[in-house]
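Next, two complexes with chain A in common: one pairs it with chain B, the other with chain C.
Then we have the complex of A and B:
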């Protein structure tokens, strides 16, 4: 009998390929964490070492003591939470109508939402600056929330309309026959079927705002500066503070990682969306 | 409870072909009315207009004494059972059945009492705390019924509620729905494409084709006195055999053969005499043809035809016959093209028949039970 590769061999190859792929994503982050734990003197050593020779929390102590950073974290949180809530408030009902009452106009509406995702953010920066200046919203939390919402809504709209497409129209009709208005049917019957969709959309909206840099750079200066701007300022004309910068970046990444882990079940559940038929 | 009146109802989608054309009839208080017809005949559209889920393009819809054209579904006080059941998957059976009562603001104790009562009637009590996903098809169907009856609405609307069940369960649920409707006495409109359901369940049956009313009558009358070729062929299984024929005095010529129609046939259909010397469409139900060699029929006329296929079903034998008369299409879009292409007559023979494919059968036909239709209008001749 000729030797043939066992099925286990194929599995091993797939697992190795997956490991290489995961490492390609994870390595920069691992290096970021590793650098943040190096003593300040080791951060810029030549040749650089991947792992710290000695673990030190000095960079974290420096960062926590840096004026403006705790405030920037609060600003980031407030902006991201408000952006998420406002985006869901606008996008969820709009996506529902677009998905369940499909007409030519709703298809065009969704297409425009897609097109806005293709416009480079930098080309929107100047008009947004002008709009916020006119409205007196420069360097305000509200101004930044509105700017972030303008980019988060199309994403939330596209995501939620995909989730709603899996809902049989009869559910809404049954609820209307059972005594609900259209809106009542949406609130009592349709939304409770969407925990995964809402969780994923909320998470994506939150991350989009939490990570956003360009609009925050253009629209804020003192009062409502978000953490990405303050972190970038560690690298300034006064010197390269790589150690504190990486420590701040690690701290800033933790909430998103935590939220993702918490919503893991809903996110995985969301991958099978459409399976709501009773 | 209420009567439902449709008065010159039209439904047009955009600028396309009208889905419902000039529909007028009245459903009596407490009546079990069945809408039946082939795919695309408008039966579900008509039901959904009564429900308020479709707008009415023209005409008036009256429930009770109120014109409800612009009344929201929630304010019509009618319950609907959907083909897919449309149970709320995140709610338990108890919550599903209680939902319409909760929306109506009924007190908690009363909700509890009525849900338990509905569950008892529908034998759902052991399943009250389960989610619909954990139930069988028949149980889901009963939950959908429970959600409808718990409200004690003015009318029930049912849109092909048994079509997702297997054949055995369908027969059982058919009887249960009829029993329940009789017990509650609520006006019911039931949509189906299955003529057996229509015939066995309805007090009256409305036959629709391409958005137009064909006939509205009791099941027995639809069978015995069909208004036109379409109804004649649609009601009854297998379908009525339809052929072109000519009448000369009392001699009916069917292809190369003739039979004499007795005086009683002309007495029952006074209009038939006017067709002497003209062509007409003759309809023969499969149950009105038998093997002359073994038949128990009396007063039959005899013709003959080659046998093309014999299907022994035990209690009866279906025999396909190649009559040489011109075959007439009943224009039922649901009849498969292959079936219309075969163009053979079917006889429901006694199981004692010894006929085999290839034999030439002597056929016993009961002239009193023949149906006659005008070849131009395709209306029944009476």
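Then we have the complex of A and C:
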């Protein structure tokens, strides 16, 4: 009788394959963390070492003592949270209407909404700069939030449209027969069914704003400068401070990792949303 | 009652406008901020004019200033810009010719004054300048055994390298016991460009008339000499194309290279926990047939034409020039004027100032071409030939001829 591979063997292979896949994604981040823990003299060691020979927190101490960085972290948080909320506020109702009441005009609307994602961000930089200057919003949190929202909304619109397409139109009709207004049905019946979609859209909007560099560079200077700009300042014309830069990047990545972990259940639900739809 | 109110409002408005006129905003890269803060503080104390620095990453200076210029207005009264951007911003900044008095000119290396001149206009005042000089391991050079062995092998004394041949000899001599003699940088071309000037070229890439000279004999000789430690002597790590300034500096700091050519500020920044701390010697840049030469790395203070406070900005720039030594205590420890450097000569920890000022003031030292297409020339024409040569197989003259053709295409010559 021929030996058949046991189910455990198959599971092990799948797990190993998953581990390789995860490592290929995680390796740059692991190297970032590892570099942040190296003493300054070892950071650019030649040949480079993957793991620190000696563990040091000196880079983190440097980062914490860097003038402007704590403020920049606060600015980044405020801007990213407000951008996320504003993007959802604009995109979610718009996506619902465009998904459930599909007309030629809604298709055109969706296409036009994507325009800001179709052109290179740098080409929008100067026009945005002029608009913000005219509005007196340069170097303000509101100015940067509006700029980030202009690019986050199309993404949120697209994502939420896809989620709303899985919602039967009959749900809203039933709610209205029970006396709900259209808006009431949307808020009380439809939205509660969408925690995964909202979580994923919120997360993507948050990350887009959290990591955005170009608009923050052009539109801020002192008061609302965000962390990516301050982190980039470790790369000076007379040298790249790898150690502090990696330490700052590690600290800066923690909130996103935390938010992702908190929303893990909803994200997984969102990723599999509609997977078993007939 | 109304009259009193109107008067009060008018006085307040006047006071506000005066207060606003008493503040200027300076756009600057991080390192440049620290070099100018002390002088700015003294300036404010003396004049009452507040100076606000807006610090951005290196490339941010160019991007932000470009965006401001494109918008037709500016939040900045002064911008501190890298010399490589002088040509790009020349049409959008004030002429500072009146600040370049004879005394000011006499107190600066001529190459810095030349780099400030674009189209007959003095577009900026040098704020600080840097240049590559020779760094070597004093402990190796002063070792009697090394001195005797070197003299026996090469027939002359082991002294800090001063010529192309000495550089190659010493690099070959010290390539032993697990260390390399030196490092060939393949990631950037400035160090080779310095050798082009040392070989007697009237300029790098372009001559003063803007004509392409990338394939002249000096460019060829310099590239042959530059790659010799890599391709002939084997006295450097063989991964030259992966080595840029940062890597070269680290090889030296980690005791893996006996000497290097590097920007002078690094002398003051040798890490305390480095293997070579306290053992670093410095000398002027090496010389070719035309003598010592380097590509200076100055930064200039310019006044955007859109500035709302041009007079205050002009005062600030003049003050910085007159009190240039105030920046030397900053971590980078650089200045632009001879007098600033001379005021620190002989002080412990500033041994690099002598070689730096000698290198900056050398007759053959000259800046990169002040051309709006400079970066494209480097990226599209120079680097392919330069890095091709460092693969040690192709003919240098042919590579540079191709590069010159590409450069002429870019410039429409």
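Here, the second predicted complex is superposed on the first by the 247 of 278 C-alpha atoms of A that agree within 3 Å, B and C clash if a C-alpha of one lies under 4 Å from a C-alpha of the other, contacts with A are read in each partner's own complex, and residues count from 1 in each chain.
Methods note: contacts are C-beta pairs under 8 Å (C-beta built on N, C-alpha and C of every residue); 3 or more make two chains touch, one makes a residue touch a chain.
These numbers come from a predicted model, not from an experiment.
Using the overlay on chain A, decide if chain B and chain C clash or can fit next to each other.
Taken together on chain A, chain C would fit alongside chain B, as the superposition shows.
Which partner, chain B or chain C, touches the larger number of chain A residues?
C
Classify the contacts of A:115 with the two partner chains as first (chain B alone), second (chain C alone), both, or neither.
A:115 contacts neither chain B nor chain C.
Touching A:45 in the superposition: chain B (first), chain C (second), both, neither?
second
Would you sort A:192 into first (chain B), second (chain C), both or neither based on which partner it touches?
After superposing on A, A:192 lies in contact with chain B but is clear of chain C.
Quick one: is A:171 in contact with chain B, with chain C, with both, or with neither? Answer first, second, both or neither.
Once the two structures are laid over each other on A, A:171 reaches chain B alone.
A:184 contacts which: chain B (first), chain C (second), both, neither?
first
So, A:18: does it touch chain B (first), chain C (second), both, or neither?
Neither chain B nor chain C is touched by A:18.
With both complexes superposed on chain A, which partner does A:55 reach: first (chain B), second (chain C), both or neither?
Touch partners of A:55: none, neither chain B nor chain C.
Once superposed, minimum distance in angstrom between C-alpha atoms of chain B and those of chain C?
In the combined three-chain model, chain B comes within 48 Å of chain C at the C-alpha level.
Go through chain A and flag every residue that touches chain B in one model and chain C in the other.
none
Spell out the residues on chain A that touch chain C in their complex, using ranges where they run on.
39-41, 44-46, 68, 125-126, 129-130, 133, 138, 214, 217-218, 221-222, 229, 232-233, 235-240
Considering only the defined contacts, which chain B positions touch chain A in the complex?
51-53, 72-74, 78-80, 82-90, 99-100, 103-104, 132-133, 140, 147, 151
Which of the residues in chain C come into contact with chain A in the complex?
Per the touch definition, chain C meets chain A at residues 29-31, 52, 54-58, 60, 63-64, 67-68, 70-71, 73, 75, 82, 130, 237, 245-247, 249-251, 253-254, 256, 263, 265, 269, 271, 273-274, 297, 332.
In the complex, go through chain A and note every residue touching chain B.
Listed in rising order, the residues are 168, 170-171, 173-181, 184, 188-189, 192-193, 276-278.
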